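Chain lettering (A, B and C) follows the sequence in which the chains are written, and residue indices restart at 1 in each chain.
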Amino acid sequence: MTASRLEVRNLTRSFGGIVAVDSLSFDAGGGITGLIGPNGAGKTTVFNLITGIYRPSVGTILLDGTELIVKRPHEVVRAGVSRTFQNIRLFNRMTCLENVMTPLLTQGVYGPVSAFLRTSSVRAEEKIARDRAFSIMEDVGVADVSDRQASTLPYGLQRKLEIARALACAPRLLLLDEPAAGMNDAETRELGESIVKVQKDFDVTIILIEHHINLVMDICGHIVVMERGALLAKGSPSEIRSDGRVVAAYLGRPRERKKRLGADEGTGR
Amino acid sequence: MFLQTLVTGLSIGGIYSLMAVGYSLIFSILSFSNFAHGAVIMLGAYIGLALATQLHLGLGLVVAGSVVGAGILSVCNERVAYAALRRRRAPSLFLMISAMGCSVFLENMVYATIGSRFYTFPEFFKRQVVHVAGSSLSLLDLFAFAVSIGAIFALHIFITRTKTGIAIRAGVGDMTMCSLMGVNTDRLISIVFFLAGAFAGVAGVFLGIKYLVYPTMGWVTNKAYIAAVIGGLGSLPGALIGGLILGVVETLVSTYLSSVMRDVFSFTMLITLLICLPNGLMGLETEEKV
Amino acid sequence: MDYVLGVVLLACINMIAVLGLSIFTGFTGLFSLGHAAFVGIGAYTAGVLTYHWNVPFLLAIIAGMAAAGLSSLVIGIPTLRAKLRSDYFAIAILGFGEALRVCLENLSITNGARGLSVDELSGPVWILGALVLSILASRNLLKSRFGAIFIAIREDPIAAEMSGIDLFRMRLLSLVASALLCGVSGALLAHRLAFIQPVMFTLTQSTQLLASVIAGGMGSISGPVIVAFIFTSLPEMLRSLEMWRLPAYGLLLVVIMVYRPQGLMGYREISSFFKWRRAK
């Protein structure tokens, strides 16, 4: 199976008078693509546009040639896109296993009448979903906590559980929104390894929004840099590292970036 | 005939607006629909009634007393029923259920203690009418309309020009940020609830004068809620415009079509509008943040 | 003895409606101020059928159930498709209930506001049979993939959508399932009391249903059902305190929200107390 290809063309979305994403075009296919840029650059908005939560004002988004922007969010998921969230969104009162089972059960085929009667096909389908969910959790490394309630997990495991749940949607394109946010260097490195592993094991194209710049440089084969909604640069990690504009706008001034993180967190809750 | 219908509609609409302002104010700061607002309006009417019939006060003092009484009641309501919930950041569904509980409790307490009797206010206006362009308009209607518009205008000035008003608008933007910046959010919320209650007091007295005072008179406030939604919850100009539109449309429907169908028509209008324009006429676009 | 049996049967009828609302509010997380309307539709459909045309009781119950289900589609399709905020949805369904009351009061087939006297057909076998079937069906539905989907929607609608759940269709399914149960409850109620009136199905009744679900606990079947039983039978036993029943419901809603938002059995079932104790 060849890797899936996402083509974003001329993507534009404005809220009121503010242009959050401005004529953005980029491709992502095979491996891991990093999407970086200062806070408020519109990265999460791009994810929201790809997943159908927002409709773009202008532009097209094609996944392997299929137009995504006409689809409703759950149809986008069924077309092969899944994601995690910047501020973790788990089904808190469910167990971890149930969290991962939910996308699998959603793909189920039996109808409400069989459910009322609890036919044998219902039970068979649930068993399949349970086994599949467990195996995904093993791959991501959260199988040990499958019985625990999701809200009781430590932060790092919640992030991983969210990835497991996204993988249960059987995606061809996986969007990760700051998966390493709030992690220390060791945890970040370990998370990076599991992302690389997931990309290979599940043969999925990944787009990664991340502020841990070392992580991005290590694992991404291709990087897209945004600033104020528009494309600033794209290329391989070494090209990005030596790009004067990127260094000036984002990479070169880490101290100021940290300050901004505290002051104008515009995309978070 | 048409002019008269229009003015009657506007005067009812004015009272709807007064009540709708309460919903909008509270929604703008806590993002939930305070279904207990109707009960506060009803109690405002009873307070006004007591002042007028027991103490024989004039209209000015009756309104003032009802404003203060309903305002305090509204603040107490917040302290008892919502404060604990908002501190632990409960989902707005819980706040709504709590509000619904307050509404049921207050309404039926009045029913159980004061009784279901209908009371009338003493006549402040001797059914005077003025004649304009061949149609007779009741003085009460004109007065109610003028007071409603005046009060909403005063509120607008307060919100946009005073320090407290600006703090409230900041709170609308972001409650957490506001408290980080050293604004006392508890006090801010109490002020907002007092304002909403004060408007409920005025509205209660006018409703009582125009119609009657009885425990379930708060039912009318469902209309006010509809008005607030039509205008866009959380928007003051929206509450005013929504109230006036609803008042006029309703009066037109009951005059020219059928008074039985009036309420059905309002609700149908509401549902249609919500489906076509989910944020009302003047509401902000509120897409959930992801 | 007859009196006690009467109270118990009435409580069982209420339990079916509460079960319905529990699916919608407790499991799917949507707030309704109008479910009494579905009870009313069930009651009037079944009542009119047996009164005017002597339709067999079983058919009348099924018709009442179907009518409630269909009417839930009428209100549910436009409002749920538009993804209204939950408070807007609550007011829309309240408006639907009001519109229904006005219609019932002005139709001749329902004998208007004076009410309709029907035959007393719901005996203990009918009522208990319907209750057991309703509980089994709801339990199975909620244990199935649909139950998991409803809970996911309640916990986080956006994450649910991003798990591939069609919010509109699943919320609609939950609404229809709850309306079906309310319809059954209404059909039984009409033929238990032998008399129905439009005022029996208004906001007050919707509030009682909601109070039972909240007090029993969101996300639980057994909690609301137990509480519905207590709520219906207690005031019947204490007739003299009748006028304090509604203030007490109101107060209860507030107290629960402030002190124990999970209700009696929030997110658990009574059976979990008898199961093996699992390590934390």
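The definition used in the following text is that a contact is a pair of C-beta atoms (placed from the backbone, for glycine too) under 8 Å apart; a residue touches a chain by one contact, two chains touch by 3 or more.
Bear in mind that the values here come from a model prediction, so they are computed numbers and not experimental data.
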- Task: Pick out whichever of the two, B-C or A-C, is joined by more C-beta pairs in contact.
- Result: B-C
- Task: Can you figure out the chain closest to the middle, judged by Cα centres?
- Result: C
- In whole angstrom, how far does the Cα centroid of chain A sit from the Cα centroid of chain B? 45
- Message: Could you work out how far the Cα centre of chain A sits from that of chain C, in whole Å?
- Response: 40
- chain B and chain C: spacing of chain centres that average the CA atoms, whole Å: 31
- Residue ranges of chain B touching at least 2 other chains are 290
- Shared interface positions of chain C, touching two or more other chains: 158
- Task: Please set out, as single numbers or ranges, the residues of chain A touching at least two other chains.
- Result: 53, 85
- Note on the structure: In the complex, chain A touches chain C at residues 51, 53, 72-74, 77-78, 82-83, 85, 89-94, 98, 101-103, 105-108, 110, 112, 114-118, 122, 125-126, 129, 147, 165-166, 168-169
- Query: Which residues of chain C touch chain A in their complex?
  - Reply: 137, 140-141, 143-146, 148-149, 151-152, 155-156, 158-167, 173, 177, 219, 267, 278
- Message: Quick check: in the complex, which residue numbers of chain B touch chain C?
- Response: 32-33, 80-81, 84-85, 90, 92-98, 100-109, 111-112, 222, 225-226, 229, 260-261, 263-264, 266-268, 270-271, 274-275, 278, 286, 288, 290
- Message: If we count contacts the way the header does, which residues on chain C are in touch with chain B in the complex?
- Response: 29, 31, 33, 78-79, 81-88, 90-92, 94-96, 98-99, 102-103, 106, 158, 207, 210-211, 214, 243-244, 246-247, 249-254, 257-259, 261
